[in-house]
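You will see two complexes here that share subunit A, one where it goes with subunit B and one where it goes with subunit C.
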Partner chain A sequence: MAHAAVLPASARRRGWRALLRRKAHVPLLAPAVALSIAVFWVCMAVLVVMSVYPFLAAGTPRFTLMAWRRFLTDPFYWGVVVETLKIAGIVTVASLLIGYPTAYAISKIRRPGLALAAYVVLFAPILVSVVVRTYGWLLLLSQTGAVNYVLQTLGVIREPLALIFNMTGIVIAMVHILLPFMVFPIISVIGQLAPDLREAAMDLGATRWQTFRRVTLPLTLPGVLAGAQIVFTLTISAFVTPFLMGGGKVQILSGLIYRDMEAVNLPFASVVAVILLALAVVILTASNQLTRRAYTRAEVSRP
Partner chain B sequence: MNRRDGVRVLLFVFLGLVLLFMLAPIAFVLIYAFSSVSYAIFPPPGFSLRWFVKLFAQAPLFRAAVNSLIVAAVATLVSLVAGTLASLALVRYRFFGREVLRAIFLAPLVVPRIAFGVAMLVYVILLRRFGGLDSLILAHLMVTLPFAVSILSASLVGADRSLEEAAMDLGATPLQTFWKVTLPQIRTGLAVSGFFAFIISWDQVETSLFLVKTDNMTLPVAMFYYLQRQQDPVIAALSTFLIGIAVIVAIVAVLTVNPRDLQRLLAAGGR
Partner chain C sequence: MEPDVELREVSKHFDAVVAVDRVSLQIRRGEFFSLLGPSGCGKTTTLRIIGGLEYPSAGEVLLRGADVTDVPPYRRATNMVFQQLALFPHLTVFENIAFGLRLRRVSSAGITRKVEEALQLVDLPGYAAREIHQLSGGQKQRVAIARALVNEPAVLLLDEPLGALDLKLRLQMQEELKALQQRLGTTFIYVTHDQGEALTMSDRIAVMNAGRVEQVGSSQEIYARPRTRFVAGFIGEANFLNGQVVGSGQHGVLVEVDGLRIWAAADDVPPAGAPVTISVRPEHVKIGAAVGDAPNRWNGRIQGVTFMGAIVRARVTLAGGVALTAEVQNDAAGGLQPGAAIAAGWLPRHTVVLAR
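So, the complex of A and B:
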């Protein structure tokens, strides 16, 4: 700051203002960064520490890997991991099979009013609590519910189907809750498709199916991957819907966490939470790579 | 009708079925709110208003609704203010560590909410703040802030920077420029992210679940516990009000927001 002393006072003041303007991002970021670090990041550290150093328990706490050993050596818990991934896989594939044609159909609606109505019906359920929507499925799918009533009246089945408190119920309700998250990224890539590409393929003699398989599908793949990523990660971490629809009969990681919290077993709940977190991070990192490559290859911008 | 039209018709029939699927559980909640019996039998043997009568006797549910409103309002407000400031820094300034900071903000989106709920409980016990609304507000903020930052950043990228420069050249102070030029341009972004933040907080079960006692119970957690204990249509009766509010909100959103803006910003929030 030696040369600052020889500047006139006015120039020094301007220097201050310039510095403030150049460094204005620091005060702008301060509140959000402080909140994020003081709550979220400290929490994450506390969670990991809790899993190896049960400091809230009675007596003098000490370092122990007991909770970790219990999870990693018991095949039951590995089974829960597999079950969680299996449900997420089924929900993702089902959402894709329903979501892709849905997105395609919405993009083909010519009247803007109708397209808007389709959007509203598809996305408005997000405004209704997940608890309420799950309750709706419990009502619809129960032994004496409307679905079984209709199927029995039509003579399709004689005995009511078990549609709740099992995997079927979880999958139906989860697909319902996550479908908008699958449809949305697909609609936005379909919107970016140049129609002349499809026309060119047709002009060159490709059938509708060939055009779809060779042109439309590869170009919309990024949206598919983005949607699949969201649905898969939201399913492995979902709690309310799998818990209520599973009725305690289907064991998944989030339910395991809830059970251990009810039993006030904080170290073990922390271990399961860290494992669930690790799964989510690994899956997101891997699928981010895939999605990014697909977006680059299809030359469409991310929504 | 040729084959091309056939495919088209099939596609739209499929779409119609999907839209029915989306509405079905909500419609059935509304039907059972007026059922005369407590169990889920179809068709309901009769209709009555008894579940509404029982609902109005449930003081804890009303208290939980008030708590949820307070928590969601504060979380939304803080997310909007802190999120706008942070987005301004992230979008308008080039500085060392910008991407790291962005990652620090957005990381909570990756973390399963129930895992964060466990961590938050341990932290809240350490701080001796268990059982208050403050712990809930902080927990919800961690989920709503990243949404606000990503939506508002997308909104700021779309704002015209030359207008800000023109205002400054004409002698406006940075604060005046922000209020008179920048803020009006990110109006939609603010509305959408505020809306998202409110909905996310209002419907938050996983992050609240372990933090609530009787005094700071929130509505979705109260409904979750109620359904676990007994499945009578009191929750359905309550839901008719919640669904009614949702319908009004949807209508207002459709009427006031430009659909193209909405789509772009929703995409930023969904990522």
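So, the complex of A and C:
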């Protein structure tokens, strides 16, 4: 830095130009950053303020931790947190169990037409309105719905199963919509896997299952973790599907926010929103640590 | 002694494409055997069939006398060194080499000892704890060889393993591989498109073209007595002259090419009138005083001279318009001038007669 002062003017100008070239990407980022600040960070800040200043809108702000105390001391609300995490956990695991084989099979399709068809089937639920899709599931899964009808007709069950207005219904509908978010990152990692690694494993004496366990699975772990993160965070913050499929009988955090907004209890709704955000941040940070470790080992470039 | 590996009329079709066409080979125990040919000739597919990674469309594969055609790769006593090496990026050097041993449930003390020995063998002691991405190209190469050899395979299959290395390292690894093979006495089957590599390392070579084996023989045999035009052209350089057999005599067969009568020492004499191609290596074409009293000797004219370092290459046109390339050592090339008249010739035993 001490040398900068004695550099001739031309060299300094070159330095400026080099700096401009290096920072050429900054204007490209500006719209996204501005949007993020205006819509996300400012709003989150307002939420935090509102959670401790009730009646801010009414014009008589007074600092109080009442809403926070109410949430943190009532076991009912802790139960809702646990229930929310439980649903997100089950949806994530179920998506993984269905999504991994799906991703593996799709990545093995050689005919471009068939691969396209598989993608269409997989992504179709995203194209349909969430309300329409959810009512579709309600019809299918209700006491007199198609699923119960078929199972009863076949004699598999005598009494209809309770498939809606409970956690089962929420999980089925959520897995349906979130499956592509699990499948896609896994497909992209499997696609990067050198085919001769599997052959090398088999050449060294590994059966198909051992090859999967010792080579394919560990090397596709980054995709699994990425998919799991997306599915988990989308599930804990989902509202419409759990609300309709739960029928008001399953309490989750996003439902609490809705209820308190309806009741114009803005401080409490803000508290729940901030807690939801905190949960997402903690879980993402923890799983990012895992992902980083998986990536350094797998030497796969980040998608 | 029964062959270590035997292929009987093995073919492989990929849809309409015939990659390997009725290949039969017998590879002896302890031999360094090369499959040599241009890309797409079926050499890698043949190697993969031996290793069990491809299933032949027809034919049989025998390993030490036992038919292994239907045996999956994980139950064959072969191990492969892959072209792209295929080291497991999520495992350390130690775990890469131990991969096969763990699957065979070798005791943990046994694994440690064998991995150490394998690392010694490829001259990488102390590298066990390294991650794969910390290694140089040559070191990865050695790990790949150690990972295969640690399983003590009956046959080691190598698929152009030195292709990614720079020239100097490649020459060094060629020597090391050959020394390693002689020390271990393991049968090596080596796929390469580099004729120099095959000639240097191999006990025997199978030259392949368009899915077929053109010729099997030692380096010297393949080079000195090629049996097809493809082999003569693919291994080293050659002058090809088309002509006709006109008789035979004390020097062998007499072939007429554009009015020149050329003596060739042929093993089996083709009948008179048979159309043949004559192949003469440029280094066997002598010019000037070096011709001596060779039976094949003509007057000609130098068309052009190319300096190539240790050797100098001269284009010579003989009477009758036959054009040839001659190679001369640099120190004997003084005074070669384009346009100058010069004598050119070669010995009958350096003349190969190929059926046309």
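Convention: the second predicted complex is superposed on the first by the 260 of 303 C-alpha atoms of A that agree within 3 Å, B and C clash if a C-alpha of one lies under 4 Å from a C-alpha of the other, contacts with A are read in each partner's own complex, and residues count from 1 in each chain.
Throughout what follows, a contact is a pair of C-beta atoms (placed from the backbone, for glycine too) under 8 Å apart; a residue touches a chain by one contact, two chains touch by 3 or more.
It should be emphasised that the depicted structure is a prediction, and the values quoted were computed from it without experimental measurement.
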Quiz item: Which holds for A:V189: it touches subunit B only (first), subunit C only (second), both, or neither?
Solution: neither
Practice problem: Figure out whether A:G136 sits in contact with subunit B (first) or subunit C (second), or with both, or with neither. | Solution: first
Quiz item: Is A:L204 touching the first partner subunit B, the second partner subunit C, both, or neither of them?
Solution: second
Quiz item: Looking at the overlay, does A:V231 come into contact with subunit B only (first), subunit C only (second), both, or neither?
Solution: neither
Exercise. Look at A:A118 in the shared chain and tell me whether it touches subunit B only, subunit C only, both, or neither; answer first, second, both or neither.
Key: first
Practice problem: Could you say whether A:A273 touches subunit B, subunit C, both of them, or neither, answering first, second, both or neither? | Solution: first
Practice problem: Please work out whether A:L284 is in contact with subunit B alone, subunit C alone, both, or neither, and reply first, second, both or neither. | Solution: first
Quiz prompt | Which of subunit B and subunit C A:I170 touches, first, second, both or neither | solution = neither
Practice problem: Between subunit B and subunit C, point out the one touching more subunit A residues. | Solution: B
Quiz prompt | Contact footprint of subunit A on subunit B as seen in their complex | solution = 4, 7-8, 11-12, 14-15, 18-19, 21-29, 32, 39-43, 78, 81-83, 85-86, 88-90, 92-93, 95, 101, 104-105, 107-108, 110-116, 118-123, 125-126, 138-139, 141-142, 145, 149, 174, 199, 202-203, 205-206, 209-210, 219-220, 223-224, 227-228, 231, 235-236, 239, 242-243, 246-247, 249-250, 254, 259, 263-264, 266-268, 270-271
Self-check item: Contacting residues of subunit C [partner subunit A, same complex]
Solution: 51-53, 72-75, 78-80, 82-84, 86-90, 99-100, 103-104, 132-133, 147-148, 151
Practice problem: Mind listing the subunit A positions that touch subunit B in their complex? | Solution: 21, 24-26, 28-29, 31-33, 35-37, 39-44, 46-47, 50, 56, 98, 101-102, 104-106, 108, 116, 118-122, 124-140, 142, 144-146, 148-149, 173, 176, 179, 181, 184-185, 188, 208, 226, 230, 233, 236-237, 239-240, 244, 254, 257-258, 261, 266, 269-270, 273-274, 276-277, 280-281, 284, 302-303
Self-check item: Touch list for subunit A against partner subunit C, complex
Solution: 194, 196-197, 199-207, 210, 214-215, 218-219, 297-299
